[in-house]
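Notes follow the structure.
Should a chain be cited, it is by its letter among A, B, C and D, assigned in written order, with residues numbered from 1 in that chain.
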Amino acid sequence: MKILMVGDICGRTGRTALLKYLPGIKKENNIDIAIVNGENSASGRGITKRTLDEIYRAGADIVTSGNHIWDKKEVVNFIDDEPFLVRPANYPEPAPGKGYCIYPFKAKNIGVINLSGRSFMPPMDCPFQKVDYILKKIKNECQIIILDFHAETTSEKIAMGWYLDGRATCVFGTHTHVQTADEQILPQGTAYITDLGMVGPRDSVLGMKKDAVLERFKYGRPVRFEAAEGPAVFSAMLIDVDDQTNKTTAIKRILINEPF
Amino acid sequence: MKILMVGDICGRTGRTALLKYLPGIKKENNIDIAIVNGENSASGRGITKRTLDEIYRAGADIVTSGNHIWDKKEVVNFIDDEPFLVRPANYPEPAPGKGYCIYPFKAKNIGVINLSGRSFMPPMDCPFQKVDYILKKIKNECQIIILDFHAETTSEKIAMGWYLDGRATCVFGTHTHVQTADEQILPQGTAYITDLGMVGPRDSVLGMKKDAVLERFKYGRPVRFEAAEGPAVFSAMLIDVDDQTNKTTAIKRILINEPF
Amino acid sequence: MKILMVGDICGRTGRTALLKYLPGIKKENNIDIAIVNGENSASGRGITKRTLDEIYRAGADIVTSGNHIWDKKEVVNFIDDEPFLVRPANYPEPAPGKGYCIYPFKAKNIGVINLSGRSFMPPMDCPFQKVDYILKKIKNECQIIILDFHAETTSEKIAMGWYLDGRATCVFGTHTHVQTADEQILPQGTAYITDLGMVGPRDSVLGMKKDAVLERFKYGRPVRFEAAEGPAVFSAMLIDVDDQTNKTTAIKRILINEPF
Amino acid sequence: MKILMVGDICGRTGRTALLKYLPGIKKENNIDIAIVNGENSASGRGITKRTLDEIYRAGADIVTSGNHIWDKKEVVNFIDDEPFLVRPANYPEPAPGKGYCIYPFKAKNIGVINLSGRSFMPPMDCPFQKVDYILKKIKNECQIIILDFHAETTSEKIAMGWYLDGRATCVFGTHTHVQTADEQILPQGTAYITDLGMVGPRDSVLGMKKDAVLERFKYGRPVRFEAAEGPAVFSAMLIDVDDQTNKTTAIKRILINEPF
């Protein structure tokens, strides 16, 4: 089975790039399932029903998210009705939406979990405890487990990779919007990458107009950030999962940089 | 001119890997100058005269560092005597050592600057103000400017890349110990990568034994971290600098993963 | 000379309490100069021309502020025209407004400085370096120096108290909105208190409606904070400055709690 | 019933001051139970069997702690054998020691809970969820509930006060080492103070030698901190609990400053 994972879709530029590249990549690589992080799809912050639908129309099967999930308030109106839209599972209960979903594909169930890190991020329930709890609940039902670990630091993400090595088919990171080059299959068979990177405007800082971000860094006063535009970067990763063992046998990063 | 930049050397495993790979890479690629980040060369934290000398013997010309520079106390005994060992320039004055050095090569001077970020890092002087100040001082003297920006967040690093685009030959990031895949030449000709990644043990979290780090994340109580061992990762980047314009014309990431 | 310092005025409730208590306190205690922190005077976040004027009308002579100074955008339209409104001096240059002012009173000049801390606060220029720089500039002109150190941690504030002991007439803290009981005259004659506390609604968390704040702490999702109302707390401190030595000879906390 | 709560005992100076003042205060005020925070009793960081015993000998009945509880490694050897030594209950399970204890006094049980905050502190389990869980478990058994909320920010502490108003007899804060002046009985009868303050050397920053702390703030390089000495501050709070309602009827801060 071939599974594609696509990083944080940033604003209109990100959605346009998704629509432009995802169908072709899926076709070329015989992708069975596409998982896309949509937390920044609406103007760089949050997700709306409209941007979610665009992501689905581009070919996503499952949409993950992160700390920006709540930025557009309307999300609470539709998140419970979307079976394959997940938000970090370690928001304290009760929270709108769900932290994992089970996606049926042929004779298998793919459990897709979303968790947030805590290093340099706001307090949350422990992602390590939470993933144990979820795995216990779904491991009999799901042959394949995929985790989108939405976290800031390389240390917390790498630690999670090791923590799930042999227990998940794939652990990928999101949130930093920069693709890392450390994709690998860990010794017990779990595919791992620290960050997928984003799908969004290159001429930007994490998808936002660079002048405003620079002004913020230089002067320390509040500055309004706006989604940038222009040439896009498309960031994704593809894994090949063995039908017998449900472990990853091949892993490939995808990075498309449109010219400046 | 060909310049190689090598990421944070982690402990004995990192030093051994440096000695194993650096000479060959230099030879194969006709490297003129090698810049190596040594902040973790002594047991994963800090640098000693002995580990500095090992880094030089492996072929480094200039050694940069970061927040761990002070971890081994003996560093203050020799840092002022080392013309090509630099520490973040934005430590408040007065501080032992220097924040940049000028390395003469053939008819040129290469200014190598080291700065620390401030996002999710301890308070320091502003790296953006500081780099302006240093550039003003050395730009007439130096034809080529290279910055090791030792910082945590992708946003601060990318912002610095844009800030220096056209004013530096290369801006590379260190500190996260994971190589990013976003090496690129920015529109005004500055080579950029968010993080070089480390030279150290793969079976680890950022160079440290993974069980201890995991225990720390899971239980939140203090745990002693020790340098890990085993197969190494070697992370570097190579740029080709035009002799006329002093801008980067080619950029290449280097990532060697020894098998688990 | 008798100088009164009043803590962060929070929203309408705070402004009303200021108007209610300040005139009487000034009269009763023969206050010569009143310094009031106004950073939260406009709906709990920021300051407007209207709320600034209300603070002056209540009897303030000098208005200090802090990290919330920029929250209402109109502040940049009038801050440069207000000779006795100060904002943290360690915002990087150039910034609207000024970080200290010199208030003439009888034959003396009172230098009032505003600085922000950096521990658990956004990056700023170093407040310790900055205060040295300002003192050098104004110490010949000013017989009395007062610092509003707007900071989060007790350690940074206490450190600043010691740093200026003997060099300032008074160092008082603001920002935490809770009055501390550690008012004292340090050995070299500087009056010190870690935090003045706020002037605002008691039935609140730092001036904001408590249910929203609690929801934020419990569930970790974004919640809109609104200024609370109801019975007020009024927090201030009074110092008596010797006319010969310009040192503090007496210090008195003032705390009025309206009944729930 | 009269209950005394004493803030963080800092090093030898703190232990000596405890021995000097606690017995007299207990006698004068007819204290029934004394609760003392011991997290800094061993050289300013951590607790040993010897310093714990000194605290008991000075007259403590129950010893609470905080983030420094693990600093002296020997604590894990004895913490499980100490029925009335508690550490923050929101360390993830399993952790040595216990997060609350039940202290029998005459016909009543006093439940003493210790929790750590999370704002500007390392990740922990949620203190609000945890206190609900503990209260559910012990509320039938305990007539009186006291919480030592060891936390950094005024907002998290005040929020906890409101959260438990009417459900606990007293919520007091520790950790900042500076006594706040906001002691009060909340509308539903819960005694509250944001921070008790410390018992330790005045000529210090939070109990540590001030020169080292200042050097750290000014230069940002690592500095060894040592417990300070000299005149002490003694910080405590006393509540009077109604025998029928188990609510607080009177509250009094105690602050003794030995002269410089």
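One rule holds for everything that comes next: a residue touches a chain if its C-beta (ideal position, glycine included) is under 8 Å from a C-beta of that chain, and two chains touch if they have at least 3 such contacts.
Small disclaimer: the values here were computed from a predicted structure and weren't measured.
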item: Angle, in degrees to the nearest 5, of the Cα rotation that carries chain A onto chain D; value: 180
item: Same-site or different-site touching of chain B by its copy chain C, using the half cut; value: same
item: Distance from the mean Cα position of chain C to that of chain B, given in whole angstrom; value: 42
item: Chain centre separation in whole Å, for chain D relative to chain C (CA means); value: 29
item: Contacts with 2+ other chains: residues of chain D; value: 92, 123-124, 126, 129, 218
item: Residues on chain A engaged by chain B in the complex (per definition of touch); value: 120, 126, 128-129, 152-156, 158-159, 162-163, 176-182, 184, 186-187, 194-195, 197, 203, 205-206, 210, 213-214, 217-218, 233, 253, 255, 257, 260
item: Touching residues (chain side chain B, partner chain C) in the complex; value: 92, 118-119, 123-126, 129
item: Chain A-touching residues of chain C, taken from the complex the two chains share; value: 70-71, 91-92, 95, 122-124, 218-222
